[in-house]
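See the structures that follow.
In the two complexes below, chain A is the common chain; its partner is chain B in one and chain C in the other.
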Partner chain A sequence: MSDKDTHLPPVNAMPPLPISQGWMGWNRTGEWRYFDPVHENHLPPCNHACPAGEDIQSFASLLVQRKFREAYDVIRESNPLPSVCGRVCNHPCAANCNRSELDDAVSIRCLERLIGDWGLKNVKTQAAVIDPDKGEIAIIGSGPAGLSAAWHLTNLQYKVTVFEASPKAGGMLRGGIPEFRLPRKTLDAEIHSLVDRGIEFRHNVRIGQDIPIDDLQRFRAILIAIGAHKPRVFDIPGSDLPGVQQGLDFLAEVNCGKRDFIEGNVAILGGNNTAIQCARAALRLGGKPTIYFRRSANEVPAFADQIEEARQEGIEITSLTAPTTIRKTGNELKLTLQRLTLGKRDSSGKRIALSIRGAHTEVTVSRVIVALGEDPDLTFLPRRIDRESWGINTGGTHQTNVGNIFAAGDCADNRRSVGSAIGAGKAAAQSIDRYLHGKTVFVESANRIVTRFADLNVAYFQRSQVVERKKIPDDRRLTSFAEVNIGLAEADALREAARCLSCGVCNSCDNCLTFCPDHAVTKQNGGYKINYDYCKGCGICIHECPRDAIHLRIKQVPR
Partner chain B sequence: MMLPQNSDRAQESGHLGCPGCGEALGLRLVLEIIGSNAIMVVPACCASYVDGIWPSSAARIPILHVAMGTTAAVAAGIRAALEVKGLNDTHVLAWAGGSGAFDSGLQAISSAAERNEDILYICYNNESYIDMDIHYFTSGSNRRGGGAHADHRRQRTQKNIIEIMAAHHIPYCATACVAYPDDLADKVKKALSIPGFKFMHLLSPCPTHWEIPSELSIELTRAAVETRIFPLYEVEDGTKYAISVLPGTFVPVSRFLSRQGRFANLSAEAIRQIQNRVESQWRQLQRRIELSRGGVSGQVKAKPEKQTAP
Partner chain C sequence: MKAKTVTTGSKMLLNGSQAAAHAVRAARAEVITTYPIVPQSLIAKQLLEFCSKGELQARYVSVESAHSALSTLIGASATGARTFTATSSQGLALMHEMLHWAVGDRLPIVIANVNRALGAPWSIWVDHNDSLSQRDTGWIQFYVSSCQEVFDTILQAYRLGEIVQLPVMVNLDGFYLSHTIEPTILPELAEVDAFLPPYQTEWRLDPQKPRSIGNLTSPDYYLEFRYKIQEAMDAAKAVTNDVYQEFESHFGRHYGSLDCYELEDAKTVFITYATMAQTVKHAVREMRREGKKVGLIRIRMFRPFPAENLRQLVRSSCRYIVLDRNVSFGAGGIFGQEIRAALHSQALDSGVVSITLGLGGRDVSPAMIKEIAAKYSEGEVFAGDHYWEGVRS
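Right after this comes the complex of A and B.
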């Protein structure tokens, strides 16, 4: 160490008083440290839970900065249908939101819906650049999985043709979801944006009937995304009587505009989303629906918000009842129901429903709507494609045993939600791309660490109440097919986005910089730089980071 | 002066504070507000070697090292000299540890306060008396003991230095801590804008003496505020009291005490007594605030205590 290092005057120029005037920069206190703090983002739990793989933290943060366009682009990197998903997705992201342990989960669905609607209004989707050398891909089915795969393959510069059996694209979104949940205008607009992107739709073509599947061999790859539309077998005495109808058929009629007045009681059999939607549609057509479900009340498989909305509308769900016979008397149907009780647990841990001897009830109804679940109809597929009783098992790769045939969505997946279908479509697109490039289709998921509530430093977060979406007034709600949920106003949505804690992702709050006792953290390029020459490794920055974006690494000893 | 010319920072890296040192952090936060046009006076205390052993210094402003009891007197002298030279916009900062302010330096502080010398005196209190083998300051009891004064002061409460200073009717005195840097910055700015003698009591954590992991420095300092052991408030003209940071929730004192090795020997009974004392002090502070809002002693309406359930 020379005088030059210490910035000190020579000895004969020292002041008469003990005034400190050198500097301490020569003292590299980084030598004291035995581990390194590192700025490193972890995975927010919402992003982790999103089956479509959306970067939710990112679009919430962009929304706070009023960067609508960027937020829209971030969602569409994963999901071409934000307006649809903002309305009908069950939002497992919000169920995993860390904020729910502080006060209320962020209303992510409202943010998604607002951004999606903003995009439909303000963004004209540009046609993708198609590389003719990459070849063409056929997609069978235009439900959420097919649309998502088409979108991502187009973004990868493939020419995509989507075959749809019905006159309009949308699959279950159009046939299975009523307008009070998803207005046709929104669905049409989002599908139209996919047409703008350059995806070709061929309507009214049922593969296996209008064209044999082998005629698609000119395509380099085929994706089966036909969904699950075949109702499960319902066979009890009287199940073939007129007035007994399958739920999906009923919904398809309603959604096509065939809305005949329903008089009297309507019995809905089943507890899935189709059942709930049938009941809510029947209510709007004048009927008095009751849902009969054979398992216990807390095992109803429909989404929680659907059940809640049905209850609000006065629809009763009678659990632990099973239909035994249907008889016709005059213009009405007599439905006999067996009361059940819960018995011992079976091998899967579920309690078995047992009949109570002699406990029958009979209800008089004008209609019986059956919604016991759906399976994919795979009869059109060539024999050489392996299948299970519930659908096509691809083991998560989305590739069937026939190399260039892929499968995604409800026909290859038991999760059965719009979000998971969109995620599967995206994954299938990636699989197809890898396959066509001669790579293995199996991709090991990146093992990123998820930030949980316990990882946050909540001292920096104020409690605040969620701004939730509102419903339309009851008089309109129960008598028309108008959309029930009203989205948030822009100001409310921005406030809601600001409630996002940005778990695991640095948002430049400056805590690390402010609290560093050694002045070793500086701002650089919008982020932070730690000066390891002086960082003593006290760990304050790690501990005081509100959002778990700084982590500890064992110190690398220079060689 | 031979300071690094290229620096615009209030304090450079490389100081000698332990990892997690609250004094070094507090000094940087204060110096960032004060700026470069200032002279600092430091008695024998942690700061006299943490900032760099003479003639080195991490701080960007000149530091004059003085004998332990003389801080306020020397600072007043510097102010007089600056006035003679016409340098009235140069700030004089006295930066003393708990021992130099509460104990041997108290006479000089009292005199300077009484003369209303235009200086900012900040006592950074790490509750340690580090120079004399960590034995003097604790909120109640000290496991280590040791040192000449240890035994008879073991069970005593810290002096209320803000009350002492308020009794001098100085223009401004306040408590602050490093866990609330915005509040600290506001108070330093306010103090600098007021002529006359200003005093601040700054709680700065000491991982070494508190026997805590260094990363908990800030969290435990925040706990001191949330438990109301160290309320953040200010007093103007010795009479106008105001709370500056009211934590969202009040937590029991054990949240502050139980995580520190120095309090490991506290019995449940002792903790209960400390809780009672803290609550009684909080009530006194509330009463002073009510009085300073215009109430006259004896005529104060008995308001229900404003308290948030923990």
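Right after this comes the complex of A and C.
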């Protein structure tokens, strides 16, 4: 065979190695591909866990860029109360932070607090533009659920009026949570920003007492957000003696500024958040509180960080004890306690607490504070509204069985936290909006895929130490109502924000672009574009993306 | 090796691994990769030390596999960098695909392969099946037998490879050489610079002039590119001799592709390679004292195979015993076959006995060499005969 008659070069005219002499674009390696890599953000687990639905990854990354205003706006898109939540939220975000599997969770609530406080100092909330045609909405109760619903409905251009039985707005944020956790200045400022937004508050109006609920029919929709304020029944011999008080009443007094000195031992009965805060308040008033709890130590239902802070303050929790009688002797009370033990499991799988025969103790105290739990007081509501033992039943839609009456927060939900009340308020606002637009109301389900630790390429992340928030010194902490936790300094917060791994969310690290062996990834509009003419589907970009922001799709074959 | 006066430099006690690392430092390698494997790791350790102390200005890349170790160097070498990696056994086997690639792209990468037997079963001790399994990849291959030779041959490897544009593998025996200390002369770096100029090539990747290499090549071109590799291998035989001469003029040490000992009147000549040649040399010296007419040819360069040089040395009246620390199953010792093939055209192959021994680090002693001499010097040899020595009965 002879190539003489072809145009091909002789061997000596060829380079020593196969090297292109021109453009190689004709070689469309994309034809080999049988799946497509696509840039697509997944849901960070912190965002997923935040009951208020905050975009944590986003505000952390804005903070790193020192974009405080943008970070503040991002939070307030879901939560009007960042300064409150940055202090009192039980932060399930951190419990789900992927970083905790690398070293320590990002101190998300500290970042939130810093951004919230920055906003209170630097941002004057503008009044919303209200659309008079949209009609008015009544909200009963100004706890976090009511406040959040009011905020979101106002943002949707509804005129909102909030009816509050107390002289001031805030619900449990004011009546329950003590100042050493949430300074009133902060709470007032954050509520004031809602007034600035154009929300109308009617204080000292108890619906059902001062105004019958039927009088609210002029509103297009009514949201019940009355919380859970009715203490569970406590009925043992001596429970009506003077010196025996309900925890919420005690806290309400303390939180209004009634700060009488307490002498001697104080018995707190119960293990919920109310019990813990009562004990911490009693300690600061001079008493020596002990918490007596019916079940075992690891079943104390109060938030873990609150149990921890109480323990740090020297408060003892005696578990597996139940009160049987209270007697008065002179100025003192004698409280008899029955020792319990855990027996067989009941049908729910919980072990039953059984009395140990003859095992009694008696303690001498100056006061007994009772915190056995709270239920919503629904007596003022029309009977036709569907309810369960724990509150109003909306099946998660926030709409009651009576079309234009909605419910959210502690009165309609068992989660009992500020964050979930805020989330519920937002969801209720959306339900109301849908209802008023004639659409069906539904239970929102986050069907986005969550990025877990195993989805990250941790080779790209270095260990670093968490910046912890500090506490005020013990001498002030134990004797005053000064705020216990100190916020992070700005520099520390920026450092902490930089620890966020941006799980599931592309932050333009360029790894895909760097590693693509076919140069098929290019930058475009602040993101990336994959040129499928050349992407051969090797998946290297997917693997080298540190944060699970590129995913595999089966190639769409044109039919 | 005729010892000549050393120009400048210092004498140090080094093991073969350190000698290799010192050579890489003296050659001013610019990109180094390693993936740990026994017994190569000492080279990596020494190089890391040089790099971390700033005694060698190289980009040291820790990679996740031997395959990546070579892939990374292929990329680096394509941009015109001088590159190095060291490996052994399974590591080299894993590189196999990229060994071909380095040749096809004509990249003068240098690898120090510390010979180690292949599994299964696991063995960390020496034989040469790891590198000999790669004989058809197109890499130039040297087998050395002293620490000094490790150092010198790595320098020669860069010079040779960069001229003919082929990668070079310098093979040294695991433990027998990699971990054995000998006095080694380290020349002044300036002298090395004079022998080994910086690598320059017009065929390099350059972002200013984007091109792709190793691309899809149609049947119209592939054959020619392969032909050019063979041409380069042929050229390497001549260039090697120039490199040996230049080397001698700079450093005073003489090398050839073959190394001869007591050949003049020998009736039985051993042909072998690597550290085994040192043992044989010792045994030959003793047997000569006993009046036996024995000699030794040590093969230093395996690819390209120095067939012409060998043919000039071989006489029909002589018996040649090839000692192979390797085996090609179903065919015999690999050096044995190469030698027979080289001698066949002159019908000189009829006196060649091929013996496999010492696999997986089994000791080959001078006493064993003497026994082999006694056993195989007489008697008829049939083409293709292959024996095993040391197998327990």
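Just so it is clear, the second predicted complex is superposed on the first by the 535 of 559 C-alpha atoms of A that agree within 3 Å, B and C clash if a C-alpha of one lies under 4 Å from a C-alpha of the other, contacts with A are read in each partner's own complex, and residues count from 1 in each chain.
Please note the rule applied: contacts are C-beta pairs under 8 Å (C-beta built on N, C-alpha and C of every residue); 3 or more make two chains touch, one makes a residue touch a chain.
Source: prediction; values computed, not measured.
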{"item": "Touching partner for A:11 - first (chain B), second (chain C), both, neither", "value": "second"}
{"item": "Partner chain in contact with A:331 - chain B first, chain C second, else both or neither", "value": "neither"}
{"item": "First (chain B), second (chain C), both or neither touched by A:19", "value": "both"}
{"item": "Touching partner for A:534 - first (chain B), second (chain C), both, neither", "value": "first"}
{"item": "Chain B versus chain C as contact partner of A:463, first or second or both or neither", "value": "first"}
{"item": "First, second, both or neither for A:524, with chain B first and chain C second", "value": "neither"}
{"item": "Superposed model, chain A: greater residue contact from chain B or chain C", "value": "B"}
{"item": "Which superposed partner A:348 touches (first chain B, second chain C, both, neither)", "value": "neither"}
{"item": "Partner chain(s) touched by A:542 [first = chain B, second = chain C, both, neither]", "value": "first"}
{"item": "Chain B and chain C contact sites that coincide on chain A, given as residue numbers", "value": "6, 8, 14, 17-21, 24, 27"}
{"item": "Touch list for chain A against partner chain C, complex", "value": "6, 8, 11, 14-21, 24, 27"}
{"item": "Residue ranges of chain A touching chain B (in the complex, touch as defined)", "value": "6-9, 14, 17-29, 32-33, 457, 459, 462-463, 514-520, 531, 533-534, 536-540, 542-544"}
{"item": "Chain A partner contacts - residues on chain C that touch it in the complex", "value": "104-106, 165, 203, 211-217, 220-221, 224-225, 227-228, 232"}
{"item": "Residue ranges of chain B in contact with chain A within the complex", "value": "1-4, 9, 11-22, 24-25, 28-29, 51-52, 54-59, 62-66, 178, 181, 207, 213-219, 222, 248"}
